[in-house]
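Each of the next two complexes has chain A plus one other chain: chain B in the first, chain C in the second.
Here is the complex of A and B:
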């Protein structure tokens, strides 16, 4: 287990450095002068020259990356070109909001996908099974902003729910959940579709191919009990993998959903910074998102090993 | 004068081999037909009779007053807030989706497929370096990567294609690599190597044909994701510049009138949905077909 952890950690370091390097290079080669973003158009050449020197923009790009990287290791991601605020502070303000929405979305998706998949496999090919399959197909093929607007049409407008805006949890927990509901539901739609399909496929495979299922049937165990007690436990593994893989889609979806519903999260911060050409903030947000994605997949791998002794021992014996 | 298509002698062997095959199943025919219909309508939009210019607004009133409802005279599906024909804009917007979808699949497949085949066949250090570098790209959520690249390159169709193709390259490479790895040790590759064939020849003549099938099937799925990504970028205002119609930017425009004129969002939304669903169903259908053919052999 420890060796597996060590090896995965070693793999994590080059990927993290690569991600930050790539982001830095792309954004620093952007057309447009960061000094002008700070001063505004129409600044005098002397002022531009002074601020360019002060920001170290005359240094070679590799040296600038090195300075940024050393700062990032110490938790300093630079200051916003527009507001002059610390990027780390900005990110820390925004991350909890995004996390809340994503967590709610995961919960909604799992709470719906699990029972739907279980009922589907009890009678494969039934009307319910086919309908559930259709909803899953639709969920995958609909972009989050379309899902969001459809939800506004059929849920928010008829029921008088707030369609945009955000109320912080610390201000009013009930209103906070109300404002988080539609964004979370929007994100959950695509996740539900993926989870439902993976879970159903895995349940079907196990029910038709595994010998322990045949044994349980021979003993006279009811179908429902077989699914609940035996099959579902094994299906947790593919589900965990898929949850990890889909964190990327979830993070991307959060960018859109936060923009659509005017939720002040990490994604909205990044989009606004892109509009304003605030390179330093975009950089910080993208690196945080990418590193979070890498870390989550790392955690998924570990969880996998922790839950399944076969993987743990197999890897350790090498 | 040579017209090979109508020549019965030349057509005969093709027809014979067709009849030996199984008839195409519904799961391939239905989404395929739907896709063909949508593509034809979008690509033929400039010459369809009775379809107004997509960028020509009919201003009859002040700001926002120019919108016309469904089944207005001359505008079957009405117009947007600037008086521009909704049906015409939706079909023209589809052209962009088709170009970007196919373009990014082609670019991603070419670069990713080549990298994967070479890495898988060569093995060793080449394999490690290529796959590690691609791991970095895989660490970005696809939309975030496309956002950064699109911002960096600026709005134009080729740039959109590159920005969207980026995220697919690592996945193509992995599929191609897996295929190349499995072929590498087979006897026909070994015998080709023993007869002194060069690596390039083996890659092109023996390895590539056995990887292309799975890559193309996967390409259908990627095409759907690419179309959604393009729409998402346009929705965020980072796609093609206005007034060129795009499904994503049309839906962004319709956002403010959602309660009074939902059709502005729903028409391009439905087209997008049908296109992506058909692509997914088609990929599923072809995979089933390939699986069952593989097992019956």
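Here is the complex of A and C:
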């Protein structure tokens, strides 16, 4: 088990190199001259030539990648073509915002999905179960930008919540949570749908097919207790996997929601940088997302090991 | 004769599974009884209804299965029609069950001790600590070495035989009057089978409970039980004290079953006498005897009229128009 986890961490190396190399090459193919991005249209050819030389843009692309890579190893992801700010600093400012919304979305989705799934399987096919299924289908079928706008209409306006803008946590925690609520709720709608369906499906499978459930019934345990005490702890595993996958997807997928609600997160940073041809920033953001993806999967594996006695003891015996 | 009523009395039990294409009668007019402390076997091939009967007695039949008719009385109390809450008071406390596959019948994410303690805490007033002490005692009683350590282990850390011992400990935890063992040794290797059955026999003698052993293994039924009920296509076709059933079977199906057991006396390289054909489709039972299509003694009567299970001699019943001649009579 430890060896497996070690191998997972080793994955970081090829993934990071692969992703950063591919983005570097693709961004290199983008039309437009980075020197022009820095100087703006209408710069004199001499100035363009000077800045091109200064930025090392005349070097072969592989050499430029190598320079970037060496810098990245030291934590320096380059400077923004637009603002001249350090990309590392920019990312460090933006990542916590995205993380906050993402975690909040996960919590909202789970807090709703767990009880709904549990109540649904008590009576499969009941009115509640069918209604819950309907909400789930609505959740996956409605695109986030539409969910977001609907939420502005039915939640933000009646309850006086801010529909756009962002107040940092350090500035005012309460206002921060208020501004994070709508974007998180928007993301949570789709997450809830997936979690509810996955959990409900696994609970049903376990309840109807697993013999330990019959044993529990033969002991005289009530159905509700069987679900909560016996089945749920076996059904969390597929759920954890799906949570992990969505965590990674959310990092990059928050683009729409962050744009919609004007939240200065990683997604917003990336989309703005793409519009402005700020390739250095895009490069940095993509690498951070890729690394986070691997780390989150690593965390999921650790969680499995902590929760599943079969894996836990396997590790001890190695 | 004895006047004490039997511990378990099943009368005219009919269990029906409703499906889209019609219903299937899995258990058809089954009657059987178990006295206190007695061991009975219910034998039959796959699909004969023996497991459904057992689960129905435990109140574990779930939709689409339902009791269409009949009564199940435990110590005089009618169980058919109990509410879910009342059933939970019976299950695990008065009737307990051991299942076929010990690899699957324990919760893989729960310590074995916790699984035993749960049953104890449900049916007794013991504290958490007392329940745990009782769990250790029970593990010791089923001959699990180092029970103090084993209570804190998970099922995957135990062998198949040990898991079945845990299942037995679990079943016995609240001192049931009746233990139903549904193919308890089928998933185990032969030496472990013997140990488990011996253990069950000893514990039964100690605790004075009755055992209903569901098995397809006639050899096991012969060695461990007092009375045998033979099931075929959802019906009991013959019942008799074990010894007499084996020495003097009357129902042709029982006879054919016994003939198909290989014996050391039979010559080598000779094909075993097998029963021709296969059991009938329970969804399309004919009006006649369900064994008639495969029976060498079948006549026109057998094809059109179902023989009832009738007690022809004291303690012996069979459902057959043309029973095999008794060896004892001649």
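In the analysis below, the second predicted complex is superposed on the first by the 305 of 318 C-alpha atoms of A that agree within 3 Å, B and C clash if a C-alpha of one lies under 4 Å from a C-alpha of the other, contacts with A are read in each partner's own complex, and residues count from 1 in each chain.
To be clear about the criterion, a contact is a pair of C-beta atoms (placed from the backbone, for glycine too) under 8 Å apart; a residue touches a chain by one contact, two chains touch by 3 or more.
All values derive from a computational prediction rather than experimental measurement.
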{"item": "Clash-or-fit label for the pair chain B, chain C on chain A", "value": "fit"}
{"item": "First (chain B), second (chain C), both or neither touched by A:308", "value": "second"}
{"item": "Vertex chain A angle, Cα centres of chain C and chain B, expressed to the nearest 10 degrees", "value": "80"}
{"item": "First (chain B), second (chain C), both or neither touched by A:210", "value": "second"}
{"item": "Contacts of A:233 with chain B and chain C, given as first, second, both or neither", "value": "second"}
{"item": "First (chain B), second (chain C), both or neither touched by A:173", "value": "neither"}
{"item": "Touched partner set for A:219, first chain B, second chain C, both or neither", "value": "second"}
{"item": "First, second, both or neither for A:6, with chain B first and chain C second", "value": "neither"}
{"item": "Comparison of chain B and chain C by chain A residues contacted", "value": "B"}
{"item": "Smallest distance from any CA atom of chain C to any CA atom of chain B, in Å, after fitting", "value": "14"}
{"item": "Touch list for chain C against partner chain A, complex", "value": "58, 60, 84-85, 87-93, 96-97, 99, 101, 104-110, 115, 118-119, 122-123, 154, 156-157, 167, 170-171"}
{"item": "Of all residues in chain B, those that touch chain A in their complex", "value": "132-133, 135-137, 139-144, 147-149, 151-152, 154, 224, 228, 231-232, 235-238, 248, 251-252, 255, 258-259, 262, 265, 269, 272-273, 276-277, 280-281"}
{"item": "For the chain A and chain C complex, residues of the former touching the latter", "value": "210-212, 214-223, 229-230, 233-234, 307-310, 313"}
{"item": "Contact set on chain A toward chain B in their complex", "value": "14-16, 18-19, 22-23, 26-27, 29-31, 137-138, 140-146, 149-150, 152-153, 157, 247-249, 251-253, 255-256, 259-260, 270-271, 274-275, 282, 286, 289-290, 293-294"}
